[in-house]
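Below you'll find the structure, written out as structure tokens, and then a few comments.
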Amino acid sequence: MNIYLLQIANGIGIGMLYFLLAVGLSIVFGLLRFVNFSHGAFFLLGAYLCFQLGQMGLNFWWSLLVAPFVVALFAWVVERFVLRHIYALPHHFHILFTVGLALVLQEAVISYWGPLGNNVSPPDVLQGVVMAGGFVYPKYRLFVIAFTAVMALLLWWILEGTRLGSIVRAGSESTEMVSLLGLNINRIFSLVFALGAFTAGLAGALAAPIRGVEPFMGVEALGIAFVVVVIGGLGSFSGALVGGILVGIVQSVMSTVWSEGAHLMIYIAMAAVMLLRPNGLLGRAS
Amino acid sequence: MKHIVHFRFTLLAALVALLLPLCVSSGTLATEVLIYALAALGCNLLLGYTGLMSFGQGIFFGVGSYATGLALLHLKAPLLLSLLIAMLIGALVALLVGWFSIRQRGTYFVMLTLAFAQMFYFLAYTMKDVTGGDNGLLDIPRPSLSFFGQTLLPTSTSWQYYTFVAVLFVLVFWLLQRVVDSVLGRTLLAVRDNEARASAVGYDITLLKLAAFVISGAVTGLAGGLHAMMTGVAPLSNIEYHTSESILIMTVIGGTGNLFASVLGASFYVLVGNWLSSLWPRWLMLLGFLLIGVSLYMHKGLFGLAQSLLRKLQPGKNQSAAAAIKENH
Amino acid sequence: MSTATPILRALNVTKRYGKFTAVNGITLDILPGTVHSVIGPNGAGKTTLFHTLTGTTPITEGSILVEGEEVSHLPGYKRVKKGLARSFQVTSLFPNLSVRENLRLAAQGRHPAQALNPWRRPELLRRACDIAEQLLVRLSLQAVAERLSAELSHGQQRRLEVGMAMAGEPKVIFLDEPTSGMGIDDIGDMKRLIHSLRDSYTVVLIEHNMDIVMDISDQITVMQQGQILAQGKPAEIRSDERVRRAYLGSMITGGKAANAGKEST
Amino acid sequence: MILKLEDIHGYYGKSHILQGISLQVAQGEVVTLLGRNGAGKTTTLKSIVGVVAPTQGKVLFQGDNVAGLPPHKIAARGVCLVPEHRGIFKLLTVEENLTMAARKESAWGLEDVYKIFPRLKERRKNGGGQLSGGEQQMLAIARALMTHPKVLMLDEPVEGLAPVIVDEIVAQIKLIKATGMSIILVEQNLEVCTQLADRHYIVEQGRIAYSGSNQEFLADDGVKDRYLGVNLAA
Amino acid sequence: QSDAISFGCPVPMSGPFAANGKYADMGMKLALQKYGKVLGKNLSYTTLDTEGKPATAVRKMQETMEKGTRFFAGGILSGEALAMGKEAEKGGSIFITTAGADEITGSDCNRATFRWSVPTFGAIEQTVRPLLEKLPNAKRWYTITPQYVFGDGLLSAAKAIFKEKGIEHVGNSYHSLAEKEFSGYLTNAMAAKPDVLLLLNFGSQSSDTLRQAVSFGMKNNCTILMAWASGLEQFETLGADICDGVYFGAQYWHAIDSPFNKEFVKLVNDNLKIDPNYSLAGSYICTKIMLDAIIKANSTDPKAVIAAMEGMKYEGLTGTEEIRKGDHQVIKNYYLLKGKAKSKMANKNDYADIISSGKSFLALDKTLCKM
């Protein structure tokens, strides 16, 4: 098979994970109007919890379920009791707060699990590779693609098809109007912040068998998530999907074309998108 | 007597430069404080005076250290000339980054500067013939301050170099204070407060923001150059995202909208960071808690805290001091 | 119609937001030394017309001439130099700067190149400072000159808003509902102030207060749905049946509402 | 009295906008607030629902003081404001705009509001951003009904609308009035007011400067002159 | 405490290389404890958190030198080690490191700087060559290389062997130091159908590459060699399953059969209840070298100590080691390990067997070092 086709296929695989990683950042921005710099730390936490639960003898599927919920719970508590009090402040305080939170989480992970990384092995059924013609692909990665696709549909349904989703989208336009309709927007804020953390935690748990766990994976994840949402459009669900897949493909194809520049290309792509379409590919004017 | 008002913050800055050697036993640590104070000044000019939150200050810092390093290594340039080159390159790069970034506002502006920071990092990494790549530029000499072969001020020991940096620092502080008190500085405040109105009364806000960017780039470039001379290296980590982040954090911790606040912020960040890192390997956690604390409880930064403390100490007299400080906003 | 040459001409000015046409082919002559009022129901496009004339938003079609010179392609800040200045319907000040500084900055905006001077202290630009001082007196804001403009009462802010437009020493001054939100006593002062502006500037005024409009206008343009419905002297407008129906009639006022009410009793 | 305001004061930052508003609305009554631009009508409505928290005074709703509660709690009790800008969510379809606000206990279901506003039913799948101004206003009122209001507050419901649409909306408000809903109406259009209202209040500089029944108000040209800037004498 | 001899341990304690710093710190501490007093003076040390940043490293080193410290062992990353070597010379100190950059004892060498770790040339010679002997049919090799001087050093050494042995180098993927996602490079590699996949990156990047290569099933159809592994830490992060059957090049392994290493492992076992890894061992031996040289010189004057170190021959962790005078490079063994299956591990750290070892160094005139 053509190497570029292989790379595109692989890029979609990477991109789906990027999507899951970025979508939470995007949703949170859409409603709360600030960039959550601790999103990467939630990813990190999800990965480590998945690892920890595995160590404690829980099987992978349970870990995959439990880890994100714990992360979401944590995020909910932070939002409910601390973060809420600084919404009214200028933008840089939100950044300061979430940067601080990210540092605390990362260092807490190091203190508890140590600075060395660890391996998380995929569940037995997903060990090994699938071969089709010249195409070799790890089963686990295929599972990740399928799983994130299902998650994407689920999230899409939550955001587009349910009353909660309507309220979230409404809140991203005007929080005041939502509360005028008798809905407690603060609860929605907490919920959305927790949902964002949930997706990040889930992405972390999913990524753990691919990447292993390592205390600095959060920082890297945050960088990628930024790029994805900026390319796709801040606050846009479909933007995160398109952005994620695009970044995955660029990265993958570039590793054949100009391998040492693969990382640089992502940022060049991001700057280009920002200059040509200031609100991202699918973003709406702020 | 009336003129002292114009100089009061410069005098305070000079006081810091004088007192630092008494509080800090290491010349290089003290020098680093002043160097980062310069970088924070540049950042504050954008954040506090123009309302632009730049996540790309590390670009100018890094570019400044490369420029100085290259000038000293390849051109064998004298001390001041190589710093001048750092400022020029810093300003030039700021012009470029600013030109593209200021079309965006708010979060998008932040993200765009962040993207540029990453791009310049990878650019520096990729252009290893110029920048030394991951190894950075090594063996950067530190010439003495000389004039036609006459050595005015040697810089070989760390305290000698501190003296040079301190003089430069006070000078730059004074110049910048002059700038923010000037027509330009005061007009920038208008841009920060209300762009639409500033435009409606006749100002070209693009040009004004660019001017702020260029000045900020020059000052930050200078800081980068001084840092390269101090350490003898211009490493890749100077242009990293982390440098941008640290500079921004110092500025916010100090408090925005007053230049002296940045001096406080940088001193605090560098000294406390240095102290914490010697206490506990997980000192970044403490730093994280510190940032959370600042965002929750210290909205005016250290400077605001100092102001309110002063006011409490001397309720009567400091009314005027507070008013004087306010006038500066 | 007067024979004097207009200081400002709008020819076929059109502004569209997407598919929606907010201002539709307005042609207007503003004569020097007059008060020219623009009235019309909410959403008629008055503010949008101001936006296009002063360059706050780019124009879609048409041309704008100031003393015969085409300015429609100039960005807003450059039109200040041509002698246009405006106040905003929604108060738009520099909230964290003092009142004096607000006015000084507005006055200095007439010479924006000076703003790039990173050395000179603004106090040395005597002209802008003088204008600011004079305006403080004229707007009776001396007492609050050192206060931040955000701390002013609403009426004071509205006055300052007008002052910001005056500070640029324009030829034509655009005032967008200067009395909106003012108390009854303030309104009287404002009316006198606007009236006095005619001596030194040409005034274009948007106002819903018919008391003021009818008293001080030399010329009135009535807009409806982006177009000009009628134009003329106050007396003509007042008696214009279409205007009564479109604006005066349905707006809070007069015959029709009263009659309708009477009919229903 | 379903709603009673006692000496309400309200600020935006430091500017003292409401300087002691007192008024009351009886069950099933339609009351208007009149006054010049900037008199404080909108602010009064906002202080009732808590968007602008009153610094002083009481807002008695069904006998309970709700002043100081967050807006969503007041709204949930049955005080619904349809703001000047209508607040239609552009990212949501017409039907989503309605269903997101729906409360189970509301007497108004989707079909009920479609009956009053048949145009909305035709456009149920349209995005909120694609509606004309009149349709947006209808949607805003319809959505308010879905929240099970006991007092409906309409801020300039016919502002900027073509006369025919105004007629349509007035007719629809009459239908709603006929169900026994208490309504506070802020409106510049006197004809609309006098057609709908039982009583009028005139707000001036943050105070109630006049109150009277519809008949009294209609008969009194002097009031209109004095407070509304209408120069009927001229 | 003016009579104490003070040491500095400049290593990353925070940031991505914090793990190395943590163990290096333990290594120096242990060495100083072991010696107790030298020349009748107490021994003290300070840990300097370099944060992995050269500028911070230099700054803290300057600060420590101002306080009188002259002996430094540390520097994990190439950049920080190079910068600190320069600073050590400027400040009249001694700096000994285990970092990878060849320039330390090559083009950027100086009198004050020593290096214990084997340069890239030796690492390739002692891994690629023995592997070729074991697998004479492995004719197609693919390389994955981080794009910077260190990676290039490994790559050119490998290419030289390929050329000599008539090996087909079927492809190379450069990647940046920030890369974490290697599936694209591995797709390239698989498309080239190599017999051997040679990983020339290090640290967490090499772990990621190996982990992902294994998940792509590459262990089944080719041999994987990681030329510059970081030893026990890396086995611990990867786990036995991934390492099984993979070849690793290593500077140090706790099962090395040398008298001094046995002694050392016992010391560590007793004191810290762990098996020593590379960071710990490296830091220990570097500190020990300086201490021995101080004793030999009977002086704490750095100049005298340097002179004592030059040409010093001693029983080290890898057997008899010697400090080459011309470039200050320690001449020592480099090891080729092969990971073994979990079922075959004798204890929890018995991840690999030593396949071969040996000393390969460029001749002095080829190192570009001019002192």
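Going in written order, the chains are labelled A, B, C, D and E, and every chain counts its residues from 1.
Quick note on the criterion: a residue touches a chain if its C-beta (ideal position, glycine included) is under 8 Å from a C-beta of that chain, and two chains touch if they have at least 3 such contacts.
This structure is a prediction, so every number in the text was calculated from the model and none was measured.
Q: Show me the overlap between the contact partners of subunit A and those of subunit E.
A: Common contact partners of subunit A and subunit E, which must touch each of the two, are B.
Q: Look at all chain centres (mean of CA atoms) and spot the one farthest from the centre of subunit A.
A: It is C.
Q: Express in whole angstrom the distance between the two chain centres, defined as the mean CA positions of subunit A and subunit D.
A: Those two chain centres are 43 Å apart.
Q: What whole-number Å value describes the gap between the mean CA coordinates of subunit B and subunit D?
A: Averaging C-alpha atoms per chain gives centres 53 Å apart.
Q: Cα centroid separation between subunit A and subunit C, in whole Å?
A: Measuring from centre to centre gives 50 Å for this pair.
Q: Between subunit C and subunit E, what is the separation of their C-alpha centroids in Å?
A: 75
Q: Show the residues in subunit E shared as contacts by 2 or more other chains, in ascending order.
A: 14, 18, 21-22, 147, 176, 178
Q: Name the residues of subunit B that each touch 2 or more other chains.
A: 122, 126, 282, 284
Q: Pull out all the chain pairs that touch, please.
A: A-B, A-D, A-E, B-C, B-E, C-D
Q: Could you list, by residue number, the parts of subunit A that touch subunit E in their complex?
A: 3, 6-7, 10-11, 13-14, 107, 110, 114-119, 121-122, 128-129, 134, 136-138, 140-141, 209-212, 214-217, 220, 251-256, 259-264
Q: Using the touch definition from the top, list the residues of subunit A that touch subunit D in their complex.
A: 163, 166-167, 169-170, 172-174, 176-185
Q: Along subunit E, where are the residues that touch subunit A in the complex?
A: Subunit E residues touching subunit A: 14-16, 18-19, 21-22, 147, 173-176, 178-181, 183-185, 187-188, 190-191, 204, 207-208, 211-212, 215-217, 233, 236-239, 241-242.
Q: Report the residues of subunit B in contact with subunit C in the complex, numbered from low to high.
A: Touching subunit C: residues 178-179, 181-187, 189-190, 193-194, 196-205, 207-208, 211, 215, 327, 329 of subunit B.
Q: Which positions of subunit E touch subunit B when the two form their complex?
A: Residues of subunit E touching subunit B: 13-14, 18, 21-22, 46-47, 49, 51-56, 58-60, 62-63, 66-67, 78-79, 82-83, 86-87, 90, 101, 103, 108, 147-150, 176-178.
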